[in-house]
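In what comes next, subunit A is part of two complexes: it sits with subunit B in the first one and with subunit C in the second one.
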Partner chain A sequence: MKNLILEKIVTLFLYIMVGFAFFLLFRGHNRPGGGFIAGIIASAGFLLYGIVFGSEKVLEKLRTNPRYIIGSGLLISFIATILPMMFGNPPLTGMWFDVAGLYLGSPLLFDIGVFVLVFGVIVSIFTNIMDVLKWNS
Partner chain B sequence: MENADLFLKNAALIALYIFSLSLIFPFFRLFKGPTLPDRIVALDQIGVIIIGMMICDVLYAREKLLLDVVLVVAFILAFGSMIIARYLYKQKKEQ
Partner chain C sequence: MEQLAIVLIGLIFLMGLMVPLLRPLFKNYTGRILALVPFALFGALTILFFTLPDQTSRIIETGFGFLPEMQFTFRIDGVSLIFGMMVSGIGGLVLGYSSFYMAKYAGRTKFYFFLVLFMGAMLGLVFADNLLALFIFWELTSITSFFLIGFDHDKEKPRQASLQALLLTAFGGLCLLFAVILIGNLAGTYSLSELYDKGFRFGAHSDYHLVFLLVSVAVATKSAQFPFHFWLPGAMNAPTPISAYLHSATMVNAGIFLLLRLNPVLGGTILWKSALILAGGITMFIGAFFALGQKDLKRILAFTTISALGTMVMLIGMNTSASIKAALIFFIVHGLYKGGLFMVAGIIDKNTGTRDIDKLGGLLKTMPITSIAGILALLSMSGLPPMLGFIGKELIYDAKVQIPELSWLVIPLGVAANMMMVAISVLVFYEIFLSRRNKKPIALKQPEKRLPGNFLAGPVALALVGLGLGMAPGWLEDTMANAMYFIQSEVVDIDLALWHGFNQVLLLSIFTVAMGVLIFVFRRPIGKLVRIIIGWTDQYHLPDHFNKLIKNYLSFAGKHTNRIQHGYHRYYLMTFFAATFVLVIYQLFSADDGWFPVKQVSPLQIHVIVVLLVAMMGVIFAIFTKSRISAIISLGVLGYGISVLYMLYGAVDLAITQFLAETVIMVIFVMVIYHLPDFAVLSSKKSRVRDALIAAGVGVMITLIVLKARFINLETPVSEFFAENSFLEGHGRNIVNVILVDFRALDTLGEITVLGLAAAGVFSLLRFDLKDKNTKK
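Coming up: the complex of A and B.
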């Protein structure tokens, strides 16, 4: 069954959700927000997209296997963990750098890793469930 | 200025009471509802009333951060009921 209005609105909604997730991701650590919530909101956008279009379209949109997304999230968090050890600090110490006027730190890198990890886990779970239950429209 | 602030706070508080009273009717329909579409419409109505209560709380407590929660809940609520309705339609056509 094709529904033109639902398809167009869900495509628009996907971009709004991912943009809002990035907003929450960069607002985290000082105010409400952070990697976990941003990952859940971005994957909710992809979940609605998958319910309307089917799980193959979600995998086409991501252009990669969700397993690689999980692995890259773990790698980014690992880099944020061992980065302070190279400067002689204990692991997971917060380090802050002044990059082109922006005050960025290693907690932001850790949050980005958590975001990518949670996003990959939820997308892989729901695409597998939709494949097993044959929920593809 | 302070007078207007007090008026807004009291209006938000009264609206909050009325919203919480009006939450009874959709819950009644949710538990009694003879068919599945009745229950889905009742759930949607509960969500809309809760969004209204959150906005009243934003006005009362001056906490702007809850507006983000309102945004996400409204999006997911609208699309959730739309998609459940789509599956009900599909199920009815298959029978």
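Coming up: the complex of A and C.
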């Protein structure tokens, strides 16, 4: 059964959630937030979207398989782990660049990796469950 | 030059790894081009061979290693030069030889890959100075040889043979590891050169027996000594180039090499002498004896290898300078003739299609070059002049005569084994190269002239080297003297010559040859007798027993694994919780300050009590409700209650995470619950009481732990460090997040890896139906 209003709201909600997730991700270093929380929030947006549209639409929206998202998240964090080693520091040493008073560094990269991975894990789990249940398809 | 040699060994490894890339480039020339590296190494080693001064060794540090104790340092001395030259020289010939032999096989990339890696591992083993590095190369040879022996993996026999070889040699490798660690601990160093320099001797140490036992098991499994000899005949299931290489200079000789290397450290005791002489003597005898009863050319050669290995072990066991000298010469002799003979067997097999000595015949006329190479090798094997084999055998007899206390045992055994070797040589010579009577003429696939040069070069070169060294053994003297210095730690003058004058040893030789010919003349009745005895011993056929042992072990392990891994989730949980409960409670009880902390509990505020009560009511409701969905929702109440608690105590990040996780879990739960069968009480009352007890116990335990953890006072709480440095070092005001992504990022890395694995687990659990569609099973 199609419900136009619900579909519109959920789509809008998806973008709000993803945007909010990015906001939390980047402010996480100074105030509540961070990769883990952002990952759950972004995936919650997709979860609602999936409940209304079914898992195939979620995958369509993502344009890729969640498995690859998990992998890239792990890869990003891993790069942040070994990046300091290239400069002769122990792994996971924080490296900071002062960009006009804003500190950007390898921990942020690490956090982005956490975000991508958590997002991928949750999306992968619920799309799999939906597929098995043949949810909305 | 030394550095160059080590670099070339590294290059061999590199070439091995790059075979998959090189083969499309060089196509059918791969074998010949790969052979260039070992030949270059052989050249470098030859220069060293003639220039290495007496009583010196060269140590090359690569500065590369896994641990301070485990550095890849290499040593070049007489022993490693002799072994290294055999390994690289025969290795190059084998590579060139396989270029044609393997031309029609599938999976040649794999073949060259493992063969070259095996060569590199063997060279590393021979040149290693660090005992741990030696062990690593030792294991590498076991693993690569497993793939080489089982090259025809679509057939049952090679698979079994390679598994057997792997299990045995890997078992030996494990023993070697223990032995190496023991030696390292007792001596305080893993470096061979330090062990030599300090003159470390274990003989009188109380742990000597253990070390010796471990080393001898390693040697016996690798070098196919009785009672572990049975894997070697099976290993001839490999393609012939592999057999030629494994049997002649590598793999099985690794054990011999280890004995020579450790001789200054472990050798010379009564135990060393008696055990090695006994094992070697038995192996020498039964190897030759079983060889007499075989019909397959490769099988004959495989059993003579066992005999030769036994001879070497026995000689090393005697531990006199004469015997070590004989062992070294015999290693060269054996490598040369066995490599040559296996290659000849391969050529004959390739060109006639059979290896049965009853079917072959008259090859001297049709394949003269192969035959002459083969005959020279056979001469060396039977110890006849002018081959190097003659010198080897004279030295062996000399060594045996020189130890009067044991000569009553070793001379008869040795003469008997040598008689049989002579008989086998004559038999092979007669049946394959001469006799044409009573046999159908054998058809050649192509005339010998059409065979490529690199195919014939192997046996011819080895035969010529054997002949040349027999004529001019003086070339070996300097390096032999150097090797003897590092094996026996004494200066020995070496004087090798073909003709030693008319003495006791020569008489023994003549007697041996005469008896060998006599056995050949009566080969029919003797062959029958031998086969009867073999048939009788076949009921104690060791490979079968070994297989049975492995099978029983597997079924035993399977049974017990099934008992522990029963597959019932609830029992896993129950075992886990009960065990944790018992252990933790025991620990808490035995602590000094009592198990129930009462001090310093801050009074609870009223709103916290309200939240706690709500959460607890949620739990109680979840236990007694009859509907699944209300159970889940009331569990959600508990989760939200906990996040409110976090909030009240100021842990905002935790609270947010808890809220979000709880929400997502609830949504997914509700989605799934719809499809579950009706809620029903299936468990008996008894089991519910048991579960309740376990649950309550675990709850109490966790509460106690948390309370107790609260009162552990560290010198300086780590939280202060985090609070102070979060902004200064981590550039963040949110301490929790800085801890997560900076201070304790390694933990986070571990956790997200676990998360990723969990997702993979969910995927494979839910999608087990995909397996049926995609893969046929």
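We adopt the following convention: the second predicted complex is superposed on the first by the 132 of 137 C-alpha atoms of A that agree within 3 Å, B and C clash if a C-alpha of one lies under 4 Å from a C-alpha of the other, contacts with A are read in each partner's own complex, and residues count from 1 in each chain.
In this text, a contact is a pair of C-beta atoms (placed from the backbone, for glycine too) under 8 Å apart; a residue touches a chain by one contact, two chains touch by 3 or more.
Just so you know, these numbers come straight off a predicted model, no measurement behind them.
In this superposed model built on subunit A, subunit B and subunit C occupy separate space and fit side by side. Contact with neither subunit B nor subunit C is seen for A:42 once the two complexes are overlaid on the shared chain.
In the superposition on chain A, A:13 makes contact with subunit B only, while subunit C stays out of contact range.
Once the two complexes are overlaid on the shared chain, A:78 sits against subunit C while remaining clear of subunit B. Of the two partner chains placed by the overlay, only subunit C lies in contact with A:125; subunit B stays clear of it. By the touch criterion defined above, A:58 lies against neither subunit B nor subunit C after alignment on the C-alpha atoms of chain A. Subunit A has more of its residues touched by C than by the other of subunit B and subunit C.
Taking the C-alpha centre of subunit A as the vertex, the lines to the centres of subunit B and subunit C open to an angle of 130 degrees, rounded to the nearest 10. Contact with subunit B, but none with subunit C, is seen for A:3 once the two complexes are overlaid on the shared chain.
Superposition on the common chain places the nearest Cα atoms of subunit B and subunit C 6 Å from each other. Taken together, the two complexes place residues 31-32, 41, 44, 48, 51 of subunit A in contact with subunit B and also with subunit C. Residue ranges on subunit B touching subunit A, taken from their complex, read 65, 68, 71-72, 75-76, 79, 82-83, 86, 89-90, 93.
Of all the residues in subunit C, the ones that touch subunit A in their complex are 652-653, 656-657, 660-661, 663-664, 667-668, 671-672, 674-675, 729-734, 736-738, 740-742, 745-746, 748-749, 752-753, 755-756, 758-759, 762-763, 766-767. Note for the complex: subunit A touches subunit B at residues 1, 3, 6, 10, 13, 16-17, 20, 24, 31-32, 41, 44, 48, 51-52. On subunit A, the positions that touch subunit C within their shared complex are 28-37, 40-41, 43-44, 47-48, 51, 66-67, 70-71, 73-74, 77-78, 80-81, 91-92, 94, 96, 103, 105, 107-108, 110-111, 113-114, 117-118, 120-122, 124-126, 128-133, 135.
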